[in-house]
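In what follows, chain A forms one complex with chain B and a second complex with chain C.
Moving on to the complex of A and B:
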């Protein structure tokens, strides 16, 4: 499904990372690989260290900390927020919506649309698309998009498929109307037949958490996890990404009439270095234009990886000038989405720690 | 003579590629004998999905290619012949 938006812009991005850093070497003793094979895993996938939330730190805490930082530094005013959009797979509660909790915490105005969306690795792109659609309304001039996930506690320590790469983080992106044409091209696709390729079996209404669901079991590859833990069918995810993402990006080139060489940066979701290098090669894009350093330094925090990648790799460049970006997210759902847009002259583009 | 040399070169390349694949496989999993004929490396548990990732990285570097991500499927790593075919399909010489 294709989208075109005009007269809308991203005006600031703030990434909020947990202070706690855990190194790959500290955890590799939990995996059923020899130390030598663990080091090969580290090298091939680009694992190094990841940021992990402290016990009790929820997604909303990171968002609240980031919003307070923006308010305190005059980077955002409470009264100008017309919509709070929270995209996450780790909501604070089943009910109420986390966006409403944040709304209440800051005492935001009643004419403010709060919305939670359950989405993961394509959550930044889906969130931007939703924000752009909200901005079509005359009553909405500024949307605060919050991507946040603290899924690390849902991943088994003995799961080498997922534990080394998982990260916790949040990002706040300000999306607003603008006078400039600033055309944005976007597309999104879904395949619900693959919905369980990435899942947490227990804890919802279908399979409530019990003492039975907490029992650790060994899979065929030697990983241990319970039904309360996140499970990723890594081979299926890899094949899905390699099969579906290149044609989506080729389509985006056609849709936007932008040549691949005219894109300054390809800011893609960050599953691991190997997967990103394969995507760059397939698309005929220099690996240097597609940063693959977020898993290595911070971990994969689902929909937060793309804004983190933008903040970490572009920083002030996006404050001082304009850059042509191709964004892409792919994962749980299965969902895959991409956006071609010019981004720049941001009020802020930075990382803080909570 | 020219035809004979060409045939010899092709034979040498084939031998070299096979030997090179076995060398890389052995370095990856020294506990297994990859010279065995008729053995499915995947079914026998000699290679897991992570070994395939390492193998692809090694083969890419050795042959100066980038094996297409859609070809990274277990059946393409089941035997030395399958890996040879994979390499040729992806431009290895």
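Moving on to the complex of A and C:
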């Protein structure tokens, strides 16, 4: 499904990372894998260190910290927020929506649309599409998009499929109307037949958490997980990404009439270095144009990886100038989405720690 | 589709295995160097070279390289 948006822009991105850093070597001993094989895994996947939220630090806490920072530094005013989007798979509560909790915490105006969206790896793209659609309304001039996830505690310590790469983080992106005649091209696709390829079996209404769902079980590859833990069919995800993402990006080139060489940076979701390199090769794009350094430095915090990648790799470049970006997210749902847009002259594009 | 070429492509997915040490009847999962990462590389290689999708399950069901070769051949 294709989208076109006009006179909309991103005006600032702030990434909020947990202070706590855990190194791959510290966790290696938990995996039923020889040290030599672990080191090979580290090298190929690009595992080094990842950021993990402290016990009790929720998604909303990272968002609140980031918003407070923006208010304190005059980068955002409370009364300008017409919509508050919270995209996450780790909400504070089943009810109420986390966006409403944040709305209440800051005493934001009542003429403000709060919305929680359950989305993961494509959460930044889906969130931007939602923000752009909202901005079509005369009453909405500025949308605050929050992507946040603290899923690390849901991943078993003895799961070498997912534990080394998981990260916790949040990002706040300001999306607003603008006069400039810029066009944003976007697309999104879904395949619900693969909905359970990435899932947390217990904890929802289908299978409430009990003492039985907390029992650790070993899988064929020697990983231990309980039904309360996140489980990923890695090979299925890998196949899905290799199959669906390249044609989606080829389609985006056609849709936007942009040549692949004219894109300055490919800011893709960060599952691991191995998959990103395969994607770059398959698309005929230089690996240098597609940063793959987020998992090794911070971990994969699902929908937060693309804003983190933008803040970490482009920083002030996006404040001082304009850059043509191709964004893409792919994963849980299954969902895959991409956006071609020019981004630049941002008010801020930085990382802070909480 | 050539079996020897498939074996050569298969060997390339390992860091340090000489194709000449692999044969059609090699039980590849018994190789010291075999791991889940090589499995993903093999899946990617089959996709790139033969335009065929194999799943982790197909790899698990195959014992020898030739068995995997036959699975790929059937789907071409």
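Operating definition for what follows: the second predicted complex is superposed on the first by the 354 of 354 C-alpha atoms of A that agree within 3 Å, B and C clash if a C-alpha of one lies under 4 Å from a C-alpha of the other, contacts with A are read in each partner's own complex, and residues count from 1 in each chain.
Keep this in mind: a contact is a pair of C-beta atoms (placed from the backbone, for glycine too) under 8 Å apart; a residue touches a chain by one contact, two chains touch by 3 or more.
All figures in this text were calculated on a predicted structure; none of them were measured in a lab.
Engineer: Does the chain A-based superposition show chain B and chain C clashing or fitting?
Structural biologist: clash
Engineer: Could you tell me if A:111 is touching chain B, chain C, both of them or neither one (first, second, both, neither)?
Structural biologist: Neither partner.
Engineer: Return first, second, both or neither, reflecting whether A:233 touches chain B, chain C, both chains, or no partner chain.
Structural biologist: A:233 contacts chain C only, not chain B.
Engineer: Return first, second, both or neither, reflecting whether A:212 touches chain B, chain C, both chains, or no partner chain.
Structural biologist: In the superposition, A:212 contacts neither chain B nor chain C.
Engineer: Scan A:274 for contacts with chain B and chain C and give back first, second, both or neither.
Structural biologist: Both chain B and chain C are touched by A:274.
Engineer: Taking the superposition on A as described, I'd like to know which of chain B and chain C A:316 touches: first, second, both or neither.
Structural biologist: Neither partner.
Engineer: Using the superposition on A, tell me which residues of chain A are in contact with chain B and, in the other complex, with chain C.
Structural biologist: 37, 40-41, 44-45, 221, 234-235, 238-239, 242-243, 274, 278, 282
Engineer: In the complex formed with chain A, which residues of chain C make contact?
Structural biologist: 15, 35-37, 39-40, 43-44, 47-48, 53, 55-56, 59-60
Engineer: What does chain A use to touch chain B in their complex?
Structural biologist: Chain A reaches chain B through residues 33, 37, 40-41, 44-45, 221, 234-235, 238-239, 241-243, 274-275, 277-279, 281-282.
Engineer: Taking the complex as given, what residues does chain A use to touch chain C?
Structural biologist: 37, 40-41, 44-45, 220-221, 233-236, 238-239, 242-243, 274, 278, 282
Engineer: Could you list, by residue number, the parts of chain B that touch chain A in their complex?
Structural biologist: Of all residues in chain B, those touching chain A are 48-50, 53-54, 56-57, 66, 68-70, 72-74.
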